[in-house]
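Shared chain: chain A. Partners: chain B in the first complex, chain C in the second.
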Partner chain A sequence: MSTQNRFNWQKAIQLGGIAGLIGVLIALVGMVESFDHRDIVAGAISMGWTMLLLTVLVAAYFSASHQPSKSFSLVASGITGFIFSLVMSLLAFLIENLDLRQILVNASPNLLKILTLENGIPNGLISLIVISTIFGILGGALYILPAKIRKAISLGLGMVAFLGLMEDIIQVTIASTGSGNSAIGWMFGRGTQSGLSIIGAIVVFGVVIGGNLLWGTNAPKINAQVSKMPPNRQRSLRILGYGLILLVVLYLPVVLGLYLTEVVNVTGLFILMGLGLNIVVGFAGLLDLGYVAFYAIGAYTVGVLTSLSGQLSTAFEWNFWWALPVSIFICVMAGVVLGIPVLNMRGDYLAIVTLGFGEIIRILALSDFLKPHIGGSQGIVNIPPPDFLGVLLNKPQTLYYLIVAGCILALFVSQRLRDSRLGRSWKAMREDEDVAQAMGINLVATKLLAFATGAAFSGLSGTILAVKLGTIYPHSFALLISINVLSLIIVGGMGSIPGVFIGGLLLAGMPELLREFAEYRLLIYGALLVVMMQVRPEGFWPEETHKREFHEDAPDVTPVQEAA
Partner chain B sequence: MQSLKRFSWTDIFMWIVGATLLLLIVIGSTLTLQQGKYTTVQWFDLAVFGLAQGSVYALIALGYTLVYGILRMINFAHSEIFMSGAYLGYFVATSMQRNGFLQENPLLGIVLIFLTAMTTSAILAVILERIAYRPLRGAPRLVPLITAIGASFFLQYTFRGLFGTQNRAYPEIDYIRGAIPLFGDFQIQKIQLVVIIAAAVMMASLAFFVQYTKTGKAMRAVSEDKNVAALMGIDVDKIIVRTFVLGASLAGAAGVLYCFMFRIVTFYMGFIPGLKAFTAAVLGGIGNPPGAMLGGLFLGIFESLGPTLFLDGLGIPAPYQLKDVIAFTMLVMILIFRPTGILGERLSKTKA
Partner chain C sequence: MASVLSALNVTKQFGGLTAVNSLNIEIVENSISSVIGPNGAGKTTFFNCITGFYKPEFGEIIFKGNRIDGLRPDQVTQMGISRTYQNIRLFANLTALENIMVGYDPHLKTGWLDAVLRTRRYHEDEKAAHDEAIKLLRFVGLAGSGDQIARNLPYGAQRRLEIARALASKPALLLLDEPTAGMNPNETGEMMHFIRDLRDSLGITILLIEHDMRLVMGISEQITVLDFGEKIAEGGPKEIQSNPRVIEAYLGRGAATEGMATSENKSG
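The block that comes next holds the complex of A and B.
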C-alpha cells in the first residue's frame, strides 16, 4: 500500500506535543528546578535537564518506530524533538511575560533560567531548540541501531546517570575508608561540583558498553559450561555464591559508615514489610491497602511493653526480647481478627475495607480516647534499644544486624512457604477462588493464614522500627506507608521474592539517598504504578506464573528455576 | 453448600461483633439522651449539618456508582477528580473576590465557579480514562485497581507540585453567609441550605438524565451487558467516556460545595471525602444511583449525629475525633451483613 511508505507526520508531531506537555508538567511540578542542583556530569548536564532530555529521547524513539524507513525515522525523531522544544519555549515565554507564580508556584524566574540555560529569552531558546532536536535525532538513531548495541548503550547511559547521582555518597564513603581517594578521584567533579567529571563519564560509559558486549557474546558459553558440570559441583558453586553474598552482607556496615547504613536499615524495614505484603498480595492475591495497620500494631505493642517514659497508664518496662514474640503474636492475632470480616470480599471491596482498617487504627492511635494507654498524638517516647549479649543495639551499624536477621528469617520463611502445600493453595486461590474451593482448599483457613503471616512480617518490621527510633507517633503510620510497600512489590513483580528486594532497593533505598527526590516520591510512584500496569504488569523480576498470565499470547516459556 | 457453611465459626464471630456494636450504640445513645447534655436545637443543628455533608457525599458517591455500574471497577482516583474541581474553583473564586465581581454579581459568580470546577473535573476524568483505564479493558482484575490507586496518588502529588503545599483559605462569599431563622430558637445556616438545595437539584437532573435521555438509556444498557449493548449499536467507549464526564462533573460540583462548607483547599482534601463517598455508594448498593444518593445522606447524618449520640454517653473523651472510625466501621458491617446495600441488587461477592 502506498500509505505505508508515506512519512507519518501525524505521529511525529503528536508525540512531540505529548512529550512537550510531559516536559511542561515535569517543569511545573518543580522537579526540574529542585533536581537542577545535582549534576550528573559536572558542569555539563544536571539531573533536571536529564529528565527533560530523557522525555525527548523516549518520545523520539517511539516517533521513529512509527516510520516506514530508517531515514524517515531520523527525520521524524528530529521533528518530535523540535516540537518538544517549541512547547517548552512557549512555557519559558509565558513565565517571562506573565505572572504565573500566583497560581503555579514553581513557574519561577529560576526555572526560566534553567530552561534557557541562563542565556535569556531569544538566545537561550535557540540553544533549547537545538539541543532538543539533536537529542530527538539521537533517540531516532537509538531506534535504528541493532538491539544488542542499543541495550549496551542504554545500560551505559544508565550507569553514568546512576554513578553521577550517587557521586556525593561514593565520595564520602571513599573518604571515610581513607584509601583509594586519589585512585578514582579523577572520575568525579572537583570541589563543590557534583556528578562525574567529563572524563569519568566517558570512561564509565565505555567500560559498561565494552563489558556488556563482552558478556553478551560470552554468557551463553559460560552458562553452558556451568550446566555441563556435575550436579554436586553446581551445588557447591551455588553455595559458594551464597557464602560470598552473606560475607558481603555481614561486612557491609563497616564499609558503608553511619549514614549509608541508616539508609540500608530503612530499606531493610521496607523489604521486610514487602516480603509480608508479597505473601498477602503476591501469593494469595488479596489486595490489602491497610497493611500499615500491622506495622503500627507491632510498633505500638513493643512501645507499650518496653517504654520507660512512665507516661502511660501501665508501665510494663519489659526487655525487648520478651516483648518481641508477644508483639508478633499480637500482630498475628490482629491479622486474623481483621481478616475474618473480609473473608467474603474480593478485589475492590477488600482493598477499600482494608484501607478503612488502616485508617481506623491510625485514628484510634491518634485519639484522646486511648491516650492514657498509647499516648495519643504525643506518641510513645523513651523506648529503650535492645541489648544483645551485652551489646546495646542503639547505632545504625548494630541495628543493621537485627534488621538483616529479620530479613533473612522472612526470606527463608516466605521461600519455604511459597513451595509448600500452603503456598500452592495461595496461588490456586489467587487464580480462581471458586475453582480452588472445588479442589478442596479450605478458603477460610488459607486466607487467614495469608493475613496472619503477612501481619507477622509487618509486625516484626514495626517492632524493629520502634526500637530503632526510640519514639513512635501515630503520624508515622499513614496510608502512604501501605502505598509505598505496595508500589515496591508491584515494581519488583507481584509474588516474586527477588522482586521485593529489587523493588525495595529502587523505591525505598533510592529516595533515601536522593534527598530532592523525597518530595516527589509519591508522584513518581503513582506514575510508575500506572505505567507499569500498562507496559509491564508482571514487574521487573516477575514470577514465572505471573509472566505467563500477562502474556498469554506469547509462546510458553520453559520454566526456569527462579533465582533467589 | 451455602447452608452447610452458614454456622461456621467466622460467621459466629462476626455476629458477636455486630451484636456488641449494636448493643454499644443502644446503650450509648440511651445514656447520652438520659444525661440531657444537649438541647434539641443542638441536635437539629447537627442533623442539618449532617444532611448538608451527606449531600456532598452523595454527589461524589454518584461518580463511583456510575463508573462501577459500567466498568465494574472502583475509580480510586475519583477523590482526586473531586479535589481538582475544588482547586480550580478556588482560583476562580479568589480572583473574582479580589476584583469585586463576586460581591457585585454573586449569583453569576457562583455559577462561574461551578462551571469551572465541573469542566476541570470532567476534562481530567476524560484524560484519566483515555490514558490510564482504556488500555486496560479486559486485564486481570487487580490491574485496573492498582492503576487507579497509582493515578490517585499521581494526581494528588501533581497538584501539590503545581499549586504548592499550603492550605488555602477559601474566600467567604457574603451572599451565602449567615443564618435564616426558623421557628423558635431553630435556625439554619444559609450555606448549608445552599448545599442541600444545589445537591438536590443536581441529583434530580441526574436521575432525569439517566432515566429519560438517549445517553442515559445507553448507559443503563451498557451497565447491563456491554456486549449486547454493542450489538444494539451503542458505542460502548463513547458511553464510558460520557459516564466519566457525568460522574466527574458531579464530583467537581461537590468540590465547590465542600469548599463552601469547610472553606479550606488542600491537595489531600479528596482522600477522606472520597472514602466516605465510597462508603455511601456501598451503603446504598453500588451500581445503583438512587442508592448512592440515599447512602450519602444517611452516612452524612449518621456521621454527624453518631459520635455525640453513641459515644458521649459512654464517657469517651472527644468523640468527634472518632467520626471516621464510625463511618468505616459501618462500611465493614454493611459489607458483611448486607453486601447488596440498602437498595442494591448487585452482590459484592459475585461481581467484584
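The block that comes next holds the complex of A and C.
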C-alpha cells in the first residue's frame, strides 16, 4: 500500500526527460527558429516558444496524473517542467560552446538567442528554467482543476493560439471586406505575423472561457426545452438551423476572398474524398490504401472527355456536365472491378493489394503505352472550366460552390446510408465478417457497394480537381494522397462523419494556411497520429452510438427495472 | 414426425485429418436434439458444415427437402437455419438493438437507392426491424438494455442477446453451440428452461452442442454422440447414459467395464 501513497519521482523525472528530448528535437529540426518570426501574442510569445511550452504543459499534465494526491501533482508537474528546462539548458550550453552546425544545421546562434530569450547564457538560462517550471506547474494545475473548467481553459488557450496564428489572414480578410481595421484592430499586434495583442489575447481567452462555462450550465436546460416542444416545432427549428448554416456556407467565399477560398476548396476536395473513404474504411472496415486510384480515374476521365488541347488521340471535347456523370459512373465501375479480386481478403492483405492498385493506376497514367490516349508524363492540359448557367466556374470563389455541392451530396448520401440496413450490414461486417455472413448478409454485395460508393465520392473529387486545375499530371496522384485521406479519417474518428470535417480542416486546411509548416508537414502528421493513438484512439469526434430503443418514435415500451 | 434436417454420409476433412466421418443424423421437427462428445470429436465442425461455413467433401445435408451443403452461410441463413457461437461472437461495438436488427437482415429489402431516398420501403423495413428487435429484447429478458453496447452487457445477457440475434432471422432450426459454457449451475438451469420455452413458444427445432450433461440429459429428446468424427451412439437420454461405447469414449476403457455409475458427474 505504501507505494501507492508515495511520491512518484520516477514518472515526474521520466516525463520531464521525455519532454526535454522532444523539445531538443523540435529545436534541432529547425521548427523553433523558423516559427519564431510569427508571434502568437505580440511581443509576448512566439510560435516557436509556444511549441516548447505546449510540450512542457502536456508532459506536466501527464506527470501530475501519476501522483496520488493533488499537492504531489503540483510538485511533480513543477519537477517535470524543471527537468525539461535542464535538458533545454544543456542544449543551449552545447550550442554556445561547441560548433554543432557541422552536423546539426539548425543548432545556430539564433536558436541560442531564442532559447535564452536574448539574455546570454547564465541570465537567459535562469529565465528559461523559471518559465518552464511555471508552465509545468500550470500543467499540473490544469490536471487538478475540475474537468469542466479544464475544458474551458484548454479551449480558451486553443482559441488564442488559433487566432494568433490566423492573425494575418483575419486582418487581410477584414480589410478586403472594406469595413476597416478600426473595429477590431486593437485585438491584433502591429506589423505582419504579430498575432494577437496582449489585450486581445486576454479578451479572447476570457470570452471563450466565459462562453464555454455559460453554455455548459445552460445547454442542458435549452436541450430540455427543445425536446419538450411539439415535434413539428422541433422540426422547423432544425430546418431553421440548417438554413442558417447553409446561408453562412453560401456567403462564405464573399467574406473569405481569393486566397482563403482556395484553401477551403483544397480542404473541401479532401473532405469529399474523406467522406468516401470513411464509408470504405470507417463503416465497412475495409482498409483501402489505394484510394487515390479513383481520384485519378475521375480526374483523367474528365480530362480525356473535355480537354481542348487536341494532343490526345481522340478529341471528345465534351461539356463538363456530360462528362461528370460518365466520370462518376466509370469510377463506380472501377470500384467494383477493383473490389472483386479482393473480396476474400482481409486486414493487412487487403491493405497491401489495394496499395498495389493505387500504384498501378498511377504507373499506367505515366506509361508510354497509354501516352497517346491520356498524355503520359505530360498529363492532360487545357481542361476547360465548367460553365454553370452562363457563369464560368474558373475562380476559386465560383468553384467553391461546385465543391460545396459535392460535399453536401456526399454528406447526405453517407448519412442516409449509415442509418439504413446497408449501414448496419457494413458495421456488422467491420465487427466480424464471418458472423455477419452467418446472419444472412451477402458479403459480396455489401463489400462491393462500399467500394463503389467510396469510389464515386473520390471520383467526384477528382473530377472537380481536374477542372479546378485545368491540367492533370500522374504525380498529382501519389500514394501520399491515400495516406493523407486515411490520416484525416483516423484523426477525426473512424466512421464518424463530422470527424471527416474536423480531420480535413486539421490535416488539409491548416497546412495550407500555415505555409511555414509545409516543410514539417509529415513530421507533424506523424507526431499527431502517434499522440492520437496514445491519448485519444477514437479520434477527435468519435462516431456516436445511436440511442434507438427509447427513441421518440419507438413503439410503446416502458423501461423495465432490471432485476439484478 | 417429419425430419427437418438430415445429414447423409457427411464427411469433412482437413488435409489428412478427418474431422467428421460419414455422419448420418436425422433431426425431427420441433424437437430438442443434442450432439455431444469429447473435445475434438467434430461437433463444431459439423455445425460449420450445416451453416455453410465449411463445405463437406462427401455427403449431403438436406434441410426441409433442399440440399444446403455447398451453399454460402448467408444463403443457408436465408433458408431458415440460424446459430450461436461457443465463444460469444456478438458485434461487440454495436448496441444490443442493432445486433438484433442485423439478425433481421434476411427479411429486409431496402436497397442502396431506397436508403438514400428514404422511400416507403425504407421506412417500413426500419420499423419492422426495430419492432422485431424490441419484441425479441423483451422475449429474452433484456428489455431496457437495447441501447447498451453489446460488449458492456454482463456475460449471461450477452448469451441471451446472441440467441435473440439468431432468432431475429426467424429460423426453423436453431443451432446452439454450447449455450451454457462458462455459466454456473444456477444460470445453466435458467438456460435450460429458456431453451425449452423457446421451442414451446416459437415452435422451432433446436439442435445443441453441449458439455453439461445435466442440461443435455434434462432437455434433449434425442442425443447423438460423436467421437473422432464418427457417430458412436444415438438415442434418448436413458439409452445414451447406459451405452458402454459412450462411457468408454468419455472415461476410457477401464471405466466402461466398471459400469455407468460414475458417468453422470464426469461431464466436462
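Everything below uses one rule, namely that the second predicted complex is superposed on the first by the 536 of 564 C-alpha atoms of A that agree within 3 Å, B and C clash if a C-alpha of one lies under 4 Å from a C-alpha of the other, contacts with A are read in each partner's own complex, and residues count from 1 in each chain.
As a convention for this text, a residue touches a chain if its C-beta (ideal position, glycine included) is under 8 Å from a C-beta of that chain, and two chains touch if they have at least 3 such contacts.
Because the structure is predicted, anything quoted here is derived from the model rather than measured.
Trainee: Scan A:Asn106 for contacts with chain B and chain C and give back first, second, both or neither.
Mentor: It touches chain B, and chain C stays clear.
Trainee: Looking at the overlay, what does A:Lys427 touch: chain B (first), chain C (second), both, or neither?
Mentor: Only chain C; A:Lys427 stays clear of chain B.
Trainee: So, A:Gly285: does it touch chain B (first), chain C (second), both, or neither?
Mentor: The answer is first: A:Gly285 touches chain B but not chain C.
Trainee: Tell me the contact category for A:Leu417 with respect to chain B and chain C: first, second, both or neither.
Mentor: Touch status of A:Leu417: second partner only.
Trainee: Give one of first, second, both or neither to describe whether A:Gly195 is in contact with chain B, with chain C, with both, or with none.
Mentor: A:Gly195 sits against neither chain B nor chain C.
Trainee: A:Pro537 in the overlay: touching chain B, chain C, both, or neither? Say first, second, both or neither.
Mentor: It touches chain B, and chain C stays clear.
Trainee: Just to be sure I read the superposition right, which of the two partners does A:Ile483 touch: chain B = first, chain C = second, or both, or neither?
Mentor: First partner only, chain B.
Trainee: Which positions of chain A sit in both the chain B and the chain C interface?
Mentor: Common to the two interfaces on chain A: residues 549-550.
Trainee: Report the residues of chain C in contact with chain A in the complex, numbered from low to high.
Mentor: 51, 53, 72-74, 77-78, 83, 85, 89, 91-98, 101-103, 105-106, 108, 110, 112, 114-116, 118, 122, 125-126, 129-131, 134, 137-138, 143-147, 149, 165, 169
Trainee: What residues of chain A sit close enough to touch chain C in their complex?
Mentor: Counting only chain A, the residues touching chain C are 412-413, 416-417, 419-425, 427-428, 431-432, 434-443, 449, 453, 545-550, 554-555, 557, 559-562.
Trainee: Please give the residue numbers of chain B that touch chain A in the complex, ascending.
Mentor: 8, 10, 13-14, 17, 73-74, 91, 131-132, 135-136, 139-147, 149-158, 160-164, 271, 275, 278-279, 282, 316-319, 321-322, 324-325, 328-329, 331-332, 335-336, 339, 348-349, 352
Trainee: Can you list the chain A residues touching chain B in their complex?
Mentor: Interface residues on the chain A side: 25, 28-31, 103-106, 285, 287, 289, 340-349, 351-353, 355-357, 359-360, 363-364, 366-369, 371, 444, 479, 483, 486-487, 490, 494, 520, 522-523, 525-530, 532-534, 537, 549-550.
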